[in-house]
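Just below sit the structures, each encoded as structure tokens.
Same chain, two partners: subunit A is paired with subunit B first, then with subunit C.
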Partner chain A sequence: MAQPLVKKDDDRDDEADYSPFLGIEKGAVLQEARVFNDPQLDPRRCSQVITKLLYLLNQGETFTKVEATEVFFAVTKLFQSKDIGLRRMVYVMIKEISPSADEVVIIVTSSLMKDMTSKTDMYRANAIRVLCRITDGTLLTQIERYLKQAIVDKNPVVASAALVSGIHLLQTNPEIVKRWSNEVQEAVQSRAALVQFHALALLHQIRQNDRLAVNKLVSSLTKGSVRSPLAQCLLIRYSNQVIRESANTQAGDRPFYDFLEGCLRHKAEMVIFEAARAITEINGVTSRELTPAITVLQLFLSSSKPVLRFAAVRTLNKVAMTHPMAVTNCNIDMESLISDQNRSIATLAITTLLKTGNESSVDRLMKQITNFMSDIADEFKIVVVEAIRLLCLKFPLKHRALMNFLSNILREEGGFEYKKAIVDSIVILIRDIPEAKETGLLHLCEFIEDCEFTYLCTQILHFLGIEGPKTSDPSKYIRYIYNRVHLENATVRAAAVSTLAKFGAMVDTLKPRIFVLLRRCLFDNDDEVRDRATLYLNTLGGDGAVVQTGDDVKEFLFGSLDIPLVNLENSLKNYEPSEESFDINSVPREVKTQPLAEKKAPGKKPTDLGAPLAGPPSTADAYEKLLSSTPEFASFGKLFKSSAPVELTEAETEYAVNVVKHIFDAHAVFQYNCTNTIPEQLLENATVIVDASEAEEFAEVASKPLRSLPYDSPGQTFVAFEKPEGIPAVGKFSNMLRFIVKEVDPSTGEAEDDGVEDEYQLEDLEIVAADYMLKVGVSNFRNAWESMGADCERVDEYGLGPRESLAEAVNAVINLLGMQPCEGTEVVPKNSRSHTCLLSGVYICNVKVLVRLQFGLDGPKDVAMKLAVRSEDEAVSDAIHEIVASG
Partner chain B sequence: MILAVLFANSEGNILVERFNGVPAEERLHWRSFLVKLGAENLKGVKNEELLVASHKSVYIVYTVLGDVSVYVVGKDAYDELALAEVIFVITSAVKDVCGKLPTERLFLDKYGRICLTLDEIIWQGYLENTDKDRIRRLVRLKPPTEF
Partner chain C sequence: MSFVKRAKSNSSIAELDSNLKNLKELCPSIKNILLLDSEGKLIAVKYYSNDWPTNSAKETFERAVFTKTQKTNARTEAEITMFDNYVVVYKFVQNLHFFVTGGENENEIILATVLQGFFDAVGLLLRGNEDKKEALENLDLILLCLHEIVDGGSWLEMSLNSPHPPNAVDNHNMDAGAPLSEQTITQALATAREHLTRSLLQ
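Our next item is the complex of A and B:
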């Protein structure tokens, strides 16, 4: 008895393992497709072959053009069969394999046209879908009549097929589909839920650029009944769009808010959620408007459906960024989500809690997060680490708990990105919270004792070299650093040697002991490590005695090269070993003009260890050095201000030129940064010819040409002007770049001997009043304002005329004056009708200036401004008013 | 837009993969990303219990159905809730085709019909039909009952 049973089981296993597509091969299936050409079609066999073809396609297999065309032709033969099942397969197959060539497609259109006008509804629906998939503009015009009829067909499947086809065709033939508006409008009123859904989507797409029409569409539908929840969701989205667009024009009553609020009581969860989210996304939503939405989202937080929980917590997470207080009520529900099985939900819950939590809840929260961290993936952990960093900056008093948390997770397993995120966070906290410095540094020291990432190790060593010597007991870090010399690879060892040298330079009492350690490094088996040790031993000097290190040595160790590394790298690559040694002064100092797109990227606070730690000098310092080292300008005295670079050429032109305006007491220097973007050209003797006829108070005194401007290696040319001393003279300058151009052979890179003189017109440049104002902030504006006194105060009112918005007006005045906004007052809250902005700065001849601007909306768009200026010199206060009056 | 619908067996081998508006060079990346996501999270998950994830502005809803796992990827209008609706339609229609929760073998046996079913549910990235009974009739070229 047992035997047959076993056998049966075996059979069944075999059957279960056996795939009908086992060993399937494209070539063989294409051979099999020949059955499509049989005079006596076998529908079952043909369906099987089509299934195999679909299987191949669904596995990502691709067919060559020849193969696709062959299959396509063969499949069209199957229209001869009356078998319904096969016909349905044929429709799918044609859509999947249809070649794009018109002459091929034409083969099948007549069969499809026949099906499209067939009495069998289902043939019609499918033929419409297939035709729309393979059609072009000409064919579409031919079948347009049928499609319009189909849109209002009684059979919902036919109508939906035509409507969804319309959505696709709108991308390729918008002018034709737009003609179907009336029919689509009729379909929107259909009793069939799905037809209404598809019609609404198409109608909105047809009218999306006509604000009034969308408004009308939404108005009429919100009053009537929309049948399907899907369509209702679309309607909510469209009404939200109307609200957004009308926000600028209408104040007070918010259109469609009542509709959205009503949807919160809909029976479909999808609709409730969509309405809640729409409300949270309203510009300048009030707490009262927000409350009902938050309430339903809170209910969703404890839903049994993960998708609803995710959607709710994702929305609340966004709300927490703008209205953290509104989300606080959900904190308890959110805390229970920390243990949610779905890690995306748990991470969103934690990051939301970190945004909304208050100081007292931090410890409890950290406890919960600790349990959670061990079982999530690195990418989630990084999100949490970043949220914790922000929390710590928000509540600096909690630095101990948060720093401990970071150091604990630093010890656990994790990939490079995760560890880097933690280290970056600790570094930022050390930098921003002085009390956290020593513990933070020790955590980093412990980390490098067992760190597998060379990059992180070297970066931390570099950071230690800068921050460690400034602590109360620098000696305690030495052990960690010197251990690296014994235990790590050459890169880390070299970094450790540099760090030791920095301690030696900064802490005189440690110097003798550092010398001992550095001497030991002289026997390292790596060249770089030995070289560094030798260099530092010689540089630090004093032969290891407790003596003060000279400023020049400190500058050498801590200062930067003042040269963009990219330029240095390029110059070194171009340098050919010869008798003449490499001259670091020959490296261009100007950073290459970046493409516009890159510049527009939103400014991100540098979190990378490398950049901020290298301690690059401020741009102002770099300019000052550059100008004072140029003999022509050395006598101009102290540099007062350098402007941001002003582009004088369009993006992607042959030569990219921008200019920096340097203002001195009695001089102005224009620094033209030029880049040659043509590989086949070498420019020589480039100079800018400046016409200052519209700047009467300026007289050209010097011009420094650029000797050579090879491809992609930026260089500078300068023009200097004399101007009345201490006077904020303004004017307009027109510029022409003049140079000798030489052809370069791209294969050898050598330039021809003879060149041709050429000119290139640049944009005009202006010196404006703001160029004489330094942006210098004050920490407490009120104190500064009161201590300045009202002696030199000047107050006046101005009408700024119609403006796009209050924020735009505020920005315009800030830019006009070129002063530093204080206490975040440059940000204008949305929908506000009045605003006060506080500015501070230093005017030429070092006169401190404070400005209080009060803006108000006068009528719908007109902006009025009251300007109060206090300064140390009444002439300067008057000058500020003049700037505004003439601006 | 529904960017992708993907079916895989319990070992992560692809059974059906349909992309809409995803460049060919990104498809492989998506495939391995989804399979990895499933391998990490679908163990022990009940049939048809939905899991959800997001990657930048793209949403992913996925689940287990018998021996196969199902993934739906969408963006813009097709956010997590819309995708939950889509995957619900897909799983109920596939169950309907197979007559029960599919084993891998059953799924492959019904492969042709499943392709037709998917064709009725999603057309080039848009949800077209949502009712399993109607879909069952449509793949047989029969008009919907309510008509």
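Our next item is the complex of A and C:
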């Protein structure tokens, strides 16, 4: 016998660890499999060997192709045996192993076909299952006759085997299976529960593309000839599908609702639950229709079976998102579930309560949750923390209680993800609820006093540096920050030094004290910490006196870096150390047209600590600064919106040009970003000649040429237009790049003196309605939607034609409207057939707009969309529809 | 982008929603059936879906299921949990842990019925003597049971009764002198079938 491969733990009792498979080894078992070839079969021994083989497969052992083929051949010999037990194991073995040896399948088919017509029902059933698993189209036509017979076999096991095989075969050979309709229909009437179930499943599959037929099938069966609870569940799902299809809005005569409601009184719990769940999932279900389902689920909540409680609370949790009022009746039962042994149930109950709770019940709820939090796992705690954050945004007046709760759990034990969820929540609350700011910041300060996570520490320090100086008493935060310089690792110390400096820069009265502290940091044993301290001490100025820090210094130290890091990196690489110092102003400011870089700002969810504060302003701020510093455009007022760059040239052309559209109240400025990709050329005096004849409402008022455009260093030229104030005027512009080109000697890099005037045709540019839409998110879409009211609501439906995928269609519409997706709804789950996307934005003249998009697949590729717009102004709602209709 | 404005008719979104649910999802289905010992070691398993394509994925899943459930008490009533978008129902007896996994939208009660069916069938096969050693010694019967409870793919099909009827048939063909173990299976499965038929026809 081979040596045992299984590791033995020495300290364990041998007796208890005994296993018949101890020391089992593949090679040895394959040797043993030779008994299959014995002329006198020993069924018992053969069974044991098959079990061993199956055990190996089950434990994840793999067989090589040769091994598998050998075993397969050997096993087929066992068809000679008359031993029923052994024969059953043979079927299992063939099913397990045949896919890896499919070219030899033909060997067994004759044996199997013989079994298929055997008198022994067990052989027939098993043979059908195995044969249909390994068969191909041609063989199938040969055995089709037997399969049809089997479907109506009086033995239910045989019939079920044939029907189930039919379901599998429908994927590969639909045209053959479809011919069995009559037999399947007969089987639906079978007295055997399972046959009925399988027949129904197959029949529905066969007819799935014929809506009328499905409708008829469901109508006739709902009249009550289905006995098996499983088949009844299936029927409920089918009728629910028909309900979705028929889509009538008058709730009164919804088809099959009565059937579903009747199923709520079924004897089997699975049917009751299926029906209740189906009712809650009906589109636009009314509260009257919902009530009986909720009542049933409420009964389940107090069941002794955990599975029932879980099923009910999970469904109610979903209902609470759309119909919170309907669930409030269950609140008392739900509260008792907070102490449920099963933590999944307890968590679902809590989050449901948080969704349905009203302002007055918050305090009581928080008390209950506090007891509960200590004994659930981190993953559940994160769910609760998120629910509490939403609750707090819903009831800002309750921020004190909720913030206290968050700070309490922040002090308790927990992993990184959990702590991060809490910190993120506090940060969001600080941002959205001004009254919560000071307490929130103090909670964060206390947290970093004893925080093991460097990442969270540095993020919080950064956040303190921004928010702290703006509070009424900034000095109280200094102690917490300076403590970090003593107690933490180098990364945190460096962050703390920066934060201190920020306080010093922003709060003049604190400056002398900050200087004292910063001087102490000069003796730190870490380079970065010392360097930062030195930098701040030298730049903040005033030598520690109470003086105002210059705006330029503040800007230099803490302003957002308006230069793309990639460009800075490139310039630094190209910089050769010389007398002349590196000039940051020589670094090109334009983002090389990487759509990724553009998307980052709005796309990122504002849960990250740093992102909401440092992220979005970078590009927008940079544009604004750029434009207001240009005298020609300084009088245009506040920049409303800058578009993403639009390419005006093909990739890989001589000159790459893209344009950013800047929209002002009464002006539009086009910023053309040009790159010269020819090393032998220098362009001078580049301007874009714009023909606005197809944009009647626009009149050109200014143009700012680009003096020089050397190779591979982007530059900008601008053209400005006047337009009617506050009106979303649209139009089309054709562009021509005009410049003087000079030859450059590549070896010396010097340009010749005379140049030639030349022109280069660019693609057309359009100002569309989306350019007047600002991406502005809302924290709670539902609330915003409801408080906006339906007064100026406009709803309509659109067909989007064939699309690659639902996600692609969703993205197209988001881009078209130029609005901010809310609550992560821009992400379409894989394989989903419908999707709801929530968008918000601000239209020109500061009109808030909210959009709800519902997408659905119509047929294989066609996408349809329902667009509901709410805004403060009817005209704007109409304009949004206009955008989509013309888009 | 070409958007065609659509007439308001009943061929609208709600209709599209109709196709929304993948047909496969319409049929109750289970992802796997799992039997572990009290230390999380695998005794028998059958996967009916390709959600876990590799051995290591399977092992990771099995370990996760075990660690997430081991501290709970699932001895009197079947328990339930949810993770990674799967619903897992489970029940323990002595040192055997039974699990049935379904997709996130599956009817929990159907999953629990499958679990109960498997649990009862194994109990009968082991003659009420449910422990790891006994289970390993009768692994052939348990594997048969797994194979016949659900056939391929994720279809809950032979579903609740399959291990049993074949044996009902056996009953008629069985020699009087059939070996003891054969008789036991037959008995066990006949009883299990009764139980399940009851639950199916109630």
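FYI, the second predicted complex is superposed on the first by the 544 of 887 C-alpha atoms of A that agree within 3 Å, B and C clash if a C-alpha of one lies under 4 Å from a C-alpha of the other, contacts with A are read in each partner's own complex, and residues count from 1 in each chain.
Throughout what follows, a contact is a pair of C-beta atoms (placed from the backbone, for glycine too) under 8 Å apart; a residue touches a chain by one contact, two chains touch by 3 or more.
Computed from a predicted model, the values in this text were never measured in an experiment.
In the superposed model, A:87 makes contact with subunit B only, not with subunit C.
In the superposed model, A:145 lies in contact with neither subunit B nor subunit C.
In the superposition on chain A, A:801 makes contact with subunit C only, while subunit B stays out of contact range. In the superposition on chain A, no contact is made by A:573 with either subunit B or subunit C.
In the superposed model, A:154 makes contact with subunit B only, not with subunit C. Look at A:223: by the touch rule set out above, it reaches neither subunit B nor subunit C. When the shared chain is aligned, subunit B and subunit C each come close enough to touch A:54. Once the two complexes are laid over each other on the shared chain, residue contacts for A:638 go to neither subunit B nor subunit C.
With both complexes placed on chain A, subunit A has more residues touched by C than by the other of subunit B and subunit C. In the superposition on chain A, the residues of subunit A contacted by subunit B and by subunit C overlap at 18-21, 47-48, 50-51, 54-55, 58-60, 84-85, 88-89, 92, 95, 120-122, 125-126, 129, 133, 155-157, 160-161, 164, 167-168, 194, 198, 201, 230, 233-234, 237, 269-270, 273-274, 305-308, 310-311, 314, 342, 344-345. Per the touch definition, subunit A reaches subunit B in the complex via residues 15-21, 47-48, 50-51, 54-55, 58-60, 84-85, 87-89, 91-92, 95, 120-123, 125-126, 129, 133, 154-157, 160-161, 164, 167-168, 192, 194, 198, 201, 230, 233-234, 237, 269-270, 273-274, 305-308, 310-311, 314, 342-345, 377. Across the complex, subunit C is touched by residues 18-21, 44, 47-48, 50-51, 54-55, 58-60, 62, 84-85, 88-89, 92, 95, 120-122, 125-126, 129, 133, 155-157, 160-161, 164-165, 167-168, 193-194, 197-198, 201, 204-205, 208, 227-230, 233-234, 237-238, 241-242, 244-248, 267-270, 273-274, 277, 283-284, 304-308, 310-311, 314, 341-342, 344-345, 379, 796-801, 812, 816, 831-834, 854, 856-859, 864-866, 884-887 of subunit A. Subunit C meets subunit A in the complex at residues 1-6, 8, 10-23, 26-28, 42, 44-45, 55, 58-59, 72-73, 77-83, 89, 107-113, 132-133, 136-137, 139-140, 143-144, 147, 151-153, 155-162, 165-167, 169-170, 173-174, 179, 181-182, 185, 197, 199-202.
Per the touch definition, subunit B reaches subunit A in the complex via residues 14-18, 27-28, 31, 40-41, 49-54, 61, 77, 79-85, 103-105, 108-109, 111-112, 115-116, 119, 123-124, 126-130, 134, 138-144, 146-147.
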